[in-house]
Amino acid sequence: MERPRHQGMAKNTYMRWRLPLVCLLWEVAMIVLFGVFVRFSPEADAHWEEEKREMNLTSDIENDFYFRYPSFQDVHVMIFVGFGFLMTFLKRYGFGAVGFNFLLAAFGIQWALLMQGWFHSFKSGKILIGVENLINADFCVGSVCIAFGAILGKTSPIQLLVMTLFQVTLFAVNEYILLNLLHVKDAGGSMTIHTFGAYFGLMVTRILYRPNLEQSKDKQGSVYHSDLFAMIGTLYLWMYWPSFNSAISEHGDAQHRAAINTYCSLAACVLTTMAFSSMLQKKGKLDMVHIQNATLAGGVAVGTSAEMMLTPYGSLIVGFICGIVSTVGYVYLTPFLESRLHIQDTCGIHNLHAMPGLIGGIVGAITAAAATEDIYGKEGFIKAFDFTGTYKTRTPSVQGGFQAAGIVVSLLMALAGGALVGAILKLPVWGDAAAENCFEDDIYWEVPEDEESDVYHMHNPDKPASP
Amino acid sequence: MERPRHQGMAKNTYMRWRLPLVCLLWEVAMIVLFGVFVRFSPEADAHWEEEKREMNLTSDIENDFYFRYPSFQDVHVMIFVGFGFLMTFLKRYGFGAVGFNFLLAAFGIQWALLMQGWFHSFKSGKILIGVENLINADFCVGSVCIAFGAILGKTSPIQLLVMTLFQVTLFAVNEYILLNLLHVKDAGGSMTIHTFGAYFGLMVTRILYRPNLEQSKDKQGSVYHSDLFAMIGTLYLWMYWPSFNSAISEHGDAQHRAAINTYCSLAACVLTTMAFSSMLQKKGKLDMVHIQNATLAGGVAVGTSAEMMLTPYGSLIVGFICGIVSTVGYVYLTPFLESRLHIQDTCGIHNLHAMPGLIGGIVGAITAAAATEDIYGKEGFIKAFDFTGTYKTRTPSVQGGFQAAGIVVSLLMALAGGALVGAILKLPVWGDAAAENCFEDDIYWEVPEDEESDVYHMHNPDKPASP
Amino acid sequence: MERPRHQGMAKNTYMRWRLPLVCLLWEVAMIVLFGVFVRFSPEADAHWEEEKREMNLTSDIENDFYFRYPSFQDVHVMIFVGFGFLMTFLKRYGFGAVGFNFLLAAFGIQWALLMQGWFHSFKSGKILIGVENLINADFCVGSVCIAFGAILGKTSPIQLLVMTLFQVTLFAVNEYILLNLLHVKDAGGSMTIHTFGAYFGLMVTRILYRPNLEQSKDKQGSVYHSDLFAMIGTLYLWMYWPSFNSAISEHGDAQHRAAINTYCSLAACVLTTMAFSSMLQKKGKLDMVHIQNATLAGGVAVGTSAEMMLTPYGSLIVGFICGIVSTVGYVYLTPFLESRLHIQDTCGIHNLHAMPGLIGGIVGAITAAAATEDIYGKEGFIKAFDFTGTYKTRTPSVQGGFQAAGIVVSLLMALAGGALVGAILKLPVWGDAAAENCFEDDIYWEVPEDEESDVYHMHNPDKPASP
């Protein structure tokens, strides 16, 4: 596994034929598969007038579009602007952060529409898609964006596309096991999105361990403006997280409740993040890394339970704890993981998604197990956990057990899947950069010869400041 | 009040124990109070199915969530991205602008949910919260963000939290007096949010007057990129202001109308701002400070009347005037306030919120006084001003009088409250910076040692350019 | 047409009286015209309660506001942040990009409300406006923002206002011909917005040809941070395009379908853009210009057909093709147009809007011609193409022919209009800058004397680096 110093110099990062080939072939495959399988759901199909009559709907406003489209757009912003800009904090990897995130997400949503469609929206040979499918595709891709955070700056765009292909596939399988086989509730995806995505990414980065990464250490930090760009990502994730956790909840009270719980958890999380960011630093100053990331842990951690009767104060408690756990993780755990376990986690997804995701799964299991008809009302109880049909007789404590099982399954799927995909990405054909060229846009992007490059060179006394 | 030069050097800005203590203790207090008082409103509670039957609702789409959630998210963006980024215009205070705004707003919304809840949503010992409460909490915090603009760069995060605690409290009291005792209409908050928030902040900054602030004058300006970051804030405030002014209006025509009026006012405001920005400058060039701020005055000034039958051309007139007033304010009034009245108003909130807020209150009073059954329709007239119950016999002209009283009350509450809070913040225990360290992130934030810092130092010939 | 070198030096770019005069007079004209003509639509008027009874509506949620307001806000963001920031890619023209876009759009929406109102919402002497009018006004202004892209950096704000005045007028006429006379479908505006706007702008820039523009060539590029600002614009346009194409479609399935088709087309477009961006560059690196622009072509190209039964795979195919066409255009066509046809197209709108707009018109014509009752259902077929009244007997193939005619009409209107407006803008009274001062904010804006200016000067060995 050890590579000799500077061997990387010889690495072939030339993308000219490899990247286009992958993009074009895969997109053609998408077209063929969409042509064979994908059609509009009845609510998006021109036959809707007939559907309306059949379903006894009196108004177009009953179309699911109006229940979910605003949330869909918020989620969409989270995936493309939220994750994309959150990762622009590196001083010279802004193009890669926002551009590769764009690429992998654009491919991922198509493949997710198919994979999730086969599992959940398959009717007489066709996948029927509507706005809920679009949201679920964004969710699925969210887990890839999370994993991207661990390997940010160290992989080629082709590697990212390969990872997306496999991760979306496994995501759909894992989601099917949880939602359909275990009958687990996880509307905001603490388990399916965050736990799965984060441990998947951590395993991939472990397998891709780069012993000489300190060679690009000077590029692993931020600059003043890049930290502000990253705050755009942070704030959009933070503000729209209530939409994320409520986007696919049942119409009515469940969506309403999920938004409120998430809002509360996130608010509490900001205060404990600020507190610990200051407390854990000798000079008592705040650290942008914590503010950019740990403030979001509260959203992750109510992903499973937000649509349940977690209650506002319950949400505050969850957010309170997660701000602390996440910030402490950045200060103590990330360096430990890197030095001892050889897990190089560029964005610290272990602190933002892995631990809060696990907490979210556990909180969900407890909240489910604690449910009573008294708290939910007779109908609300059945509706909240879908205790109908086969699951008519399931009790809250049994549900709690299955929820806990969902955590374990997600974790195992992520670790196994991440190991597999990491091994594939280790093949020397994908055009990743040498250790000394990591975290540098210049490898894959035309970077403008700008004034700042002069400034940049001022650090290298060997290079003349002007051409 | 005069401080000797450089005394500030000795000022203790060390936050390590003070900030965490305040954040943690207050958040624990929030959890306890939420635990005792806050529950879900019937529309967010799992008992909603029963509620629906009782209220004879046939569809989940009748849940208030679907009427207000999109507007809520727009308002949310205004508070966190809008105000946060608007204040990033300073060259070295971007972290503080967006970060402290994040901190105070995250705390403020929790405290506002409680304070406003006790006054408006208190039922059999519990505060029942739904999406409208979330919007109102954001509104309340908006007034704190406004006040923050006056003291931007000159206060510690603890001072901001203390100010938030008191200002939210007084906001809720003032709002209760206006809405419940005076039965005043103020959906977009010209009085309750802008007039109150701005004069509160101006009074605070007056009390905290720093005679030696010119020592940090070189940091009070913007740089090219920071002005672009600020434009993100401006545009989001501008675009979403129609949602702000309509967010808590009555369902149906009132929300619809409030959005249109605000849209019109804002459009007109841009043109007069541009006109006067160019006209008042000898070289005829446009000034980013005006474009970033005065273009928004039109939204402030229809805050009270937007949901009334102000009409589109009425809105244009209001916007027309406010663009002028606000721009003229930036050019002539701000320097005057600083030199003569010792009011150091970093963001010029007097021009963007105080004057337009007063104008908004007056426009609201006139529009209310001019209302007739002919213009509103019989039912619309009663609905628009809620002339029911105790207020069944109130006439438009009486309503106009009460509206005017609302302005005066808001103003007095703001000045008294601001004086009180200013005095508290003057205590030498909150860790604010010395005059020569104002407008500098370095005091409270870990700032990356970036390339630009070298550039920065190029101005100081005494310091070597490289370490 | 040839200007002697440096003649521009003497150009008078002094705006102090001209710009204010135009802004103020025109805004006064708006107020007068709004006063005479513009009132609220029944759904925004306080008489709504009566309207509701008449129309037999049982709930306020049936107000068009709730069907369209979220889409409106997304479109609003596209116009002001999307187009505004997309054009900030130039290193020293960020203020002009986002500021002038703000100015022209704020004026344009007012004038569009009037022009479109006279054609489409005129009832008994009044224009009745509601949320749909606001969307249409944004759409109309969108075509001006597109044209702005061609002349970015080369025109004065007064020229932009003059262009807006004329272009909005002609847009409304063209739109009336297409929608009312030809009975053409074009909900997302491939023809009315993109084809018209782009060829209009290209004609204007052709007439305003500047032979000595290479004098400001060093300012025509981007810098690292400006490319990231531009990505904010790109992503908001990309994410919200589904809202754009569905915003004014029929309630229900049509809106739903239009969003899905657009989403699919855009996703495919990203992959082919990335593929060709890498493939067409010798070093195989990705070019930010392509990613910022060509990724959006898929949204343009389904503007006409998105609300039809294009189907998801049909959308993928359209997006696939347009990503290629647009990227190839940037690499080969833009230089050709500049050197041979003297069309200086700053943002490459020919690649992003003109060609994809034409493709969109053609795809729309084909999709309409291929429509059958089988695909749409009996009712859906009539509803989708509004085959009622006079158009009861129109067949799909005839509709396809009219759609094609719509493309031609839009193209001719654009070229003729652009030529006329270009000629007007060529008059030497509008204060445009000399060739060597193009792409430079300094001409019209107060630009902060910032640290970066030192960096900037490092390129000029003649100037000392420090003062």
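For reference, chains read A, B and C in written order, and residue numbers begin at 1 within each chain.
Everything that follows uses one rule, which is that a residue touches a chain if its C-beta (ideal position, glycine included) is under 8 Å from a C-beta of that chain, and two chains touch if they have at least 3 such contacts.
All figures in this text were calculated on a predicted structure; none of them were measured in a lab.
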Would you mind working out whether chain A and chain C touch using mostly the same residue numbers, over half shared, or mostly different ones? different
Superimpose the Cα trace of chain B on the Cα trace of chain C, which carries the same sequence, then give the rotation angle to the nearest 5°. 120
Any idea how many Å lie between the Cα centroids of chain A and chain C? 33
Note the residues in chain C that touch 2 or more other chains, in rising order. 61, 66, 70, 225, 232, 452, 455
Touching residues of chain B toward chain C in the complex: what are they? 61-62, 66-67, 70-71, 74, 91, 221-225, 227-228, 231-232, 235-236, 238-240, 242-243, 251-257, 259-260, 263-264, 266-268, 270-272, 274-276, 278-279, 281-288, 291, 295, 309, 311-313, 316-317, 320, 375-377, 379-381, 383-384, 452, 455-456, 458-459, 461
Contact footprint of chain C on chain A as seen in their complex: 14-17, 19-21, 23-24, 26-28, 30-31, 34-35, 38-40, 43-50, 52, 59-61, 63-66, 69-70, 73, 76-77, 80-81, 84-85, 88, 92, 94-95, 98-99, 102-103, 106-107, 109-110, 113, 129-131, 134, 157, 225, 229, 232, 443-455, 465-466
